[in-house]
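Multiple structures are listed underneath, in structure tokens.
Two complexes, one shared chain (chain A), two partners (chain B, chain C).
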Partner chain A sequence: MATALKSVTPLVREVPHTVSPGLWALAWKRLQSDHVGMVSLAIVAAFILLMILSGVGLVAKDWNLETGVNYAPPSFIGADIESGTPAAPEAQPAAPIPASEYKSSVVDPLADVLAEIRGEKGKAGVAAAPAAGDDAKTVDPLADVMADIKASGAKAGAKGAEVVAARTATLPFGGDKWGRDVLKKTIKGSETSIFVGLAAAVVAVVIGTIFGALSGYYGKWVDDFFNWFYSIFSSIPYLLLILAVAAVLQQKGIHTIILILGLTGWTGVFRLIRGEYLKHKAREYVQAADAIGASNARRMFIHIFPNVSHVVLVQLSILTVGFIKAEVILSFLGFGVPVDVVSWGSMLNEAQNELILGKWWQLVAATVAMATLVTAFSLFTDALRDALDPKLKGRMGA
Partner chain B sequence: MTAYIIRRLWQMIPTMLGVILLVFILFNAVGGDPAYVLAGKISNKEQIENIRRQLGVDQPYWVQLWIFIKQVVTADFGASWSTNEQVSNILATRLGPSLTVLVPLTILDALFAIALALAVAYVRGSLTDRMVMIVCTVGLSISILVYIIVFQYFFAYKLGWFPVQGWGNSFTENLFHYASLPILIGLAVSIAPSLRLYRTFVLDEINQDYVRTARAKGLSENRIMWVHVLRNASIPIITNLMANLPGLLLGFFLIERFFSIPGIGREVILAVERSDFPVIKALTVYVAFATMASNLLADLMYKAVDPRVQLK
Partner chain C sequence: METKMNDDPLVRVRNLKVAFHIDKGTIFEAVKGISFDIPRNRTVALVGESGSGKSVTSLAILGLLPPENTIVDPASEILYDGKNLAHLDQATLRELRGADISMIFQEPMTSLNPVFTVGFQLTEVLRLHMGLSPAQARKRAIELLDEVGIPDPEYKINAFPSQMSGGQQQRVMIAMAIACEPKLLIADEPTTALDVTIQKQILDLIAALQKKRHMSVLFITHDLAVVGEIADYVVVMRNGVIREQGPAKQVFEAPSDSYTQALLKCRPQLDRRPVRLPVIDDYMDGRTHGSRDMSERVRGVNAADPIVLDVKNLGKNFYSREGLFGTRTFEAVKDVSFKLPKGKTLGLVGESGSGKTTVGLTLMRLHQATSGEAIFEGKDILSMSAREFMPWKRRIQIIFQNPYASLNPRFTIGSILTEPMEIHGIGTNAQERTDLAFELLKKVSLPEDSFYKYPHEFSGGQRQRIAIARCLTMKPDILICDESVSALDVSVQAQVLNLLQDLQDEFGLSYIFISHDLAVVKYIADEIMVMSEGKLVEIANSDDIYRNPREDYTRRLLASIPKGWQGGRAVAGTAD
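Up next, the complex of A and B:
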């Protein structure tokens, strides 16, 4: 519009500032003057870029290649001499670790119980066909997954046989139990965790916005119905609801966890958006839209929605942080991503056992990556809220 | 007052029915036939048939729903699918250990967070304030898992100050021996968010006219902060504390799991891992009821703390 005016006639130029900057331009300007916010934005953007690069396979594609010796220490510490690190040939046969050993080195007293349960669960999941009587422990639920991982690793390694043969003694940020590069693993884990967080937040925001819009706009029995729905979901503690859904949906996978988080996390968005629609539907511009014959849907989503979209954006940002945290916990417990997918939560799960052995690097890598992103995301959310709603800033007393 | 409570209880009924309906749909319709889940767990065919009959799987949905409502009302969810323990017994025995950790934790958290919030808000905008807020933000962004793993490793495993895990039979032993590290970790995790929230509550009050009046009539700063400001700021704080209480019961399930405290939270995780539906169903329904009850209680306390509040 600005360019159109300029090109029409020079007369217009005599009147300065014909076009005042819109909400988004003003918000962007305010955000730019907030240094903390801009730095946070840069960090968040870098993480998302990393996620995309890793997703299309440009970075950390070969994360599950066993390039180092088992528990290879970080390069800046140097090779671990005294603690009898097994050499490459010895490491080979020890590699396919059975499920029971997978957890046995921990102090966790539940380990056996858990292993047993996982065994049973895995078996129940595979098929109900085998005679239900035989001992669950004989079935290794991870066997086929491990075989897959081995196979893909071997395939990738086949190009240069020396890759597997010559395992390095150190890796840039250490190696895990199988000698995989922790740095690449962290990047891959970031991809999973951030993607799950963002996608689940989008699902939750879409549901919350549509419910909130319908409820606030139509009022009456529609409002009553959605409020009833809201009160049900909000009276069950969030994590309990997630766990209950996880218990019912037996199949694991990234899509499942996105759905679980999204379907249970919409309540906060709903409450805010409903309030905004209640406020906006009586405003004059909506009455004007009514007068020119705009339909209900058009008024709701073309006229009102742009005016509440800043609330949606801030909620999206808040929810993403919350869902990343929730995903980490769920994956840690084994209700999240499948075994062959790495996420920060599954890394922490491994790190818990490794710490007792004195191998701290995987714990540090996952923690630092997560803390950096979440801190940046939280600070960015605060900056975004201040930029989009300057009235709030004074009240926060900052 | 009585009329208000009765009306609120009356309004809870549709929500309660909704919770029951939601849990029912989740476990009976989405979850499908329990025989499928049970196949890998119980070898005895007859036992599975028994459970199916008990749930009324072969009957129409409304009969199944009626069975479930009866279970909720009579608090009789039958036996756990894994351990055969009565569900009501599980809930009753697991509540004690959870509360042993949670009650001291909540009290200490509230005391520390309120004191710190008053102090930080008093020097708002200063370097101290900003540093504390940055520490809080960073502290919040580290997963609770990391706190538990690291604290347990250093304080219990390495230094041996606390037992690595376990639970005894006597209350005092549990509280002072086994629960102390879990409470410490709980504090490390929960003070940061509480402090941030309470700070905004205090800041809302600190610029009010009554503070200026108090200062003008020569009251000490201590009295202004601890009596005048705190009384007003405590209104949202109490509401917040009360509303979070039932959630807390589960919120520290990770701590309970790591330290093998036989509490409600650990029971939930075990139940989910074992697909022990009766336990999850019972817990979900009763925790939801507890949440509603504590919300009502929060509103009543709101009135008690702030006489200006009109309950309607």
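Up next, the complex of A and C:
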């Protein structure tokens, strides 16, 4: 049937009428009266706006620029006299720092080892690629990747041989190992993290909803099939499954992470949506739709779906929170975003080394950003659930 | 007991005002300052339609209103035994609740805990409130079960609620309620969820217990016919105010309030069949009573009536898995045959589980028939493939019981009405379909702007009209009404029945009217088919079946219809 899945939008006839609030409008009204929910929504919206702005290149476009000295401390602390003066060896390919000088950074227990490596690196660097940029490498397995990055960086003009001449001693919220602005890096990182979280949640919810709808609506062997599939999926430990998918997909990249999280995260949505469909398909309005001759697909997606969509929406936001955290964990473990992409996870990954040096600002920046968003998102999800399902609040109907 | 000496009422409700916070800033006044007495050793019936505040009143007496959003006016008084229950602390109330005042709820299936035996639940009450030892409590529980008429109580005390019928569960609830010998028993629609034969038994039981134990009973119901059988005093409520109160005799025989009069008249009577049922507005507007058409409508089918649907040997089995490989067959409908004449109404009555709804759903092909055929215009619609059936589908339509569940809450009324036309290609373009939808809205007496509204903005009766309009968009020949007016208030019921009758007169529709309410079926049906346990018991013209039922089962069914006011109980009115 051609009209099978077209939702019905009747023509308008000129009758004086007030616009009636639909259920969504009523839910929005309830949400508006929830102050915590609205504040959380504002925070989430701000983060998403930041993500979009950063995505289109309006904010933090030059995050890759090494504007400060290495490990530049935050401005409110003031320049670090001890480590602020000498430039890091990476940035000075032509003049590798002698091992002895490196040793002088007191707190580093690995100073010796580092110095040794640096010495070798420096030698090789001079010989092999003096003009290659800021890093010299001999045994770097990621050499190709780095070359790509540099190439693209050079093209974009964000980075290259003509890098900033004058590096500042401090940055608003400090600098990382290469002297990049942590604040900008965090913004760029949130772009990745939020995008991965949202996109993966959408993938998971779409898969879970379609499977759940088919399973719950048709029942019988279709239900059996999906239940088996679900049981197998959920019997494998979660992290192991993620690693397995990561290993199968082989390449690293944002899309891979989205797929990994999406393909492993649909099970909860599936179970809920299946239950909702089981419940709704026996409802009288669905029987009524059957009686007027609506096809299966029409009943499933035009009639039932809008009535379970609030569950989908709540699941979407719960999963987004979960996936933002999952991305951080994955990146922290090294299965996450590729090296040329910054995310909160990769920042935390770097931070574990920095912390030993007492450079806490990157850790704090990423953690605060993530905690703020995740808390706001969770509170918003709660408010959303209350608004969409007012019965939960236990209010007595009139 | 001391009732004769003590003329003070047991409970004195004075100026009770209850309001609820709907949301910030909105307050809904559920009960607007009512006063009435519950005398000792008497049954008081609180009658009203939905939203009248009758249940809120009973909950206020029990102190069971949710404290977080309820406002009980400080001037309200519910005096019981010198205490004002309206402003008592929860601990004292709790003590009173089990021992002095107890309550029976509407739905016995959900009021008992399914994971404990009835004996456990009954002895728990006895041990908590009466301080009996386990052995004593058990003995007392068996006595109580015996008293409420549970057969073989020594065995049944170990049964789980699911192993009992609905009527037996309600008896257990009553046993629990009277376990601590309360002075006041509040019964909130205790028979609404039960079949008419069971309802009769439960009403008799409550009346007998009231006499025997010298309790007072506050009986809450929407059904005046039930009230007539049980109450000494009647309080009629509407929209949170008392319209009329007095001894049952006075309220039934000489109602002074127009609303009470309307309630008494709107309900279809067994002995009369006016062309149109009077509706509440007729009385509330103060229209002259003589102007209404009081002539009787003639019902019945003749052999000469053209037959539109011929059902032969219809059967429907349900299968459930049992054990690892076995299946158990449940025959919901067995060998049912009937003919539906054009433009007439076939009433389908029976108790729950009799298979009457299954017949309707099977004819709609919402269930697949196991055997038998249904000949519609020369073709068997039951054996067709789904594709073949499509053009026939629109010609048999159904109106469901619950108007709150049968409309998709996410669709506007406009979408609900135009969707079937779009699916079946009725009307050449969207404009035509829209015009038709507006026409139908007018036909079912809904304002035009309903087209843009959502179902939640309408009351139950209005929603049922929308459901009827949706069926009419497909111009059906047969309309199956599955308990279509059962969930509606008496006044609204009359309006919908009148609408259905008007439509039948205008379009020559044939109805299959499924209902457990024998008075309604008697009013609307030309022919009545009685079903029991999936089998057809008897089928005959409706007047014949009420006048001389052939089968025992039919006779029993008819005998249990609440008769309303029949001169009342001996004690009624003596207080005046």
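Keep in mind that, in the parts below, the second predicted complex is superposed on the first by the 299 of 398 C-alpha atoms of A that agree within 3 Å, B and C clash if a C-alpha of one lies under 4 Å from a C-alpha of the other, contacts with A are read in each partner's own complex, and residues count from 1 in each chain.
Everything below uses one rule, namely that a contact is a pair of C-beta atoms (placed from the backbone, for glycine too) under 8 Å apart; a residue touches a chain by one contact, two chains touch by 3 or more.
Because the structure is predicted, anything quoted here is derived from the model rather than measured.
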{"item": "Partner chain(s) touched by A:N307 [first = chain B, second = chain C, both, neither]", "value": "second"}
{"item": "Which superposed partner A:S378 touches (first chain B, second chain C, both, neither)", "value": "first"}
{"item": "Which superposed partner A:K252 touches (first chain B, second chain C, both, neither)", "value": "neither"}
{"item": "Partner chain in contact with A:L241 - chain B first, chain C second, else both or neither", "value": "first"}
{"item": "First, second, both or neither for A:L348, with chain B first and chain C second", "value": "first"}
{"item": "Contacts of A:K359 with chain B and chain C, given as first, second, both or neither", "value": "neither"}
{"item": "Which of chain B and chain C A:T367 touches, first, second, both or neither", "value": "first"}
{"item": "Chain A residues touched - chain C or chain B, whichever exceeds", "value": "B"}
{"item": "Touching partner for A:F229 - first (chain B), second (chain C), both, neither", "value": "first"}
{"item": "Intersection of chain A interface sets (partners chain B, chain C)", "value": "395-396, 398"}
{"item": "Chain B contact footprint on chain A (complex, rising order)", "value": "107-110, 114, 117-118, 120-121, 123-124, 128, 132-133, 136, 228-229, 231-233, 235-241, 243-250, 321, 325, 328-329, 332-335, 344-345, 348, 351-352, 355-356, 363, 367, 370-371, 373-375, 377-379, 395-398"}
{"item": "Partner chain A, residues of chain C touching it in the complex", "value": "20, 22-24, 28, 30, 51, 66, 69-70, 361, 364, 366, 390, 393-394, 397-398, 400-402, 405-412, 414-415, 417-420, 422-424, 430-431, 433-435, 437-438, 448-449, 451-454, 456-457, 467, 470, 474"}
{"item": "Residue ranges of chain A in contact with chain C within the complex", "value": "1, 3, 7-11, 13, 15-23, 30, 33, 283-285, 287-294, 298, 303, 306-307, 394-396, 398"}
{"item": "Sites on chain B touched by chain A in the complex", "value": "14-15, 18-19, 21-23, 26-27, 30-31, 36-37, 39-43, 121, 124-125, 137-138, 140-146, 149-150, 153, 157, 164-165, 200, 203-204, 206-207, 246-247, 249-251, 253-254, 257-258, 260, 268-269, 271-275, 277, 280, 283-284, 287-288, 291-292, 295"}
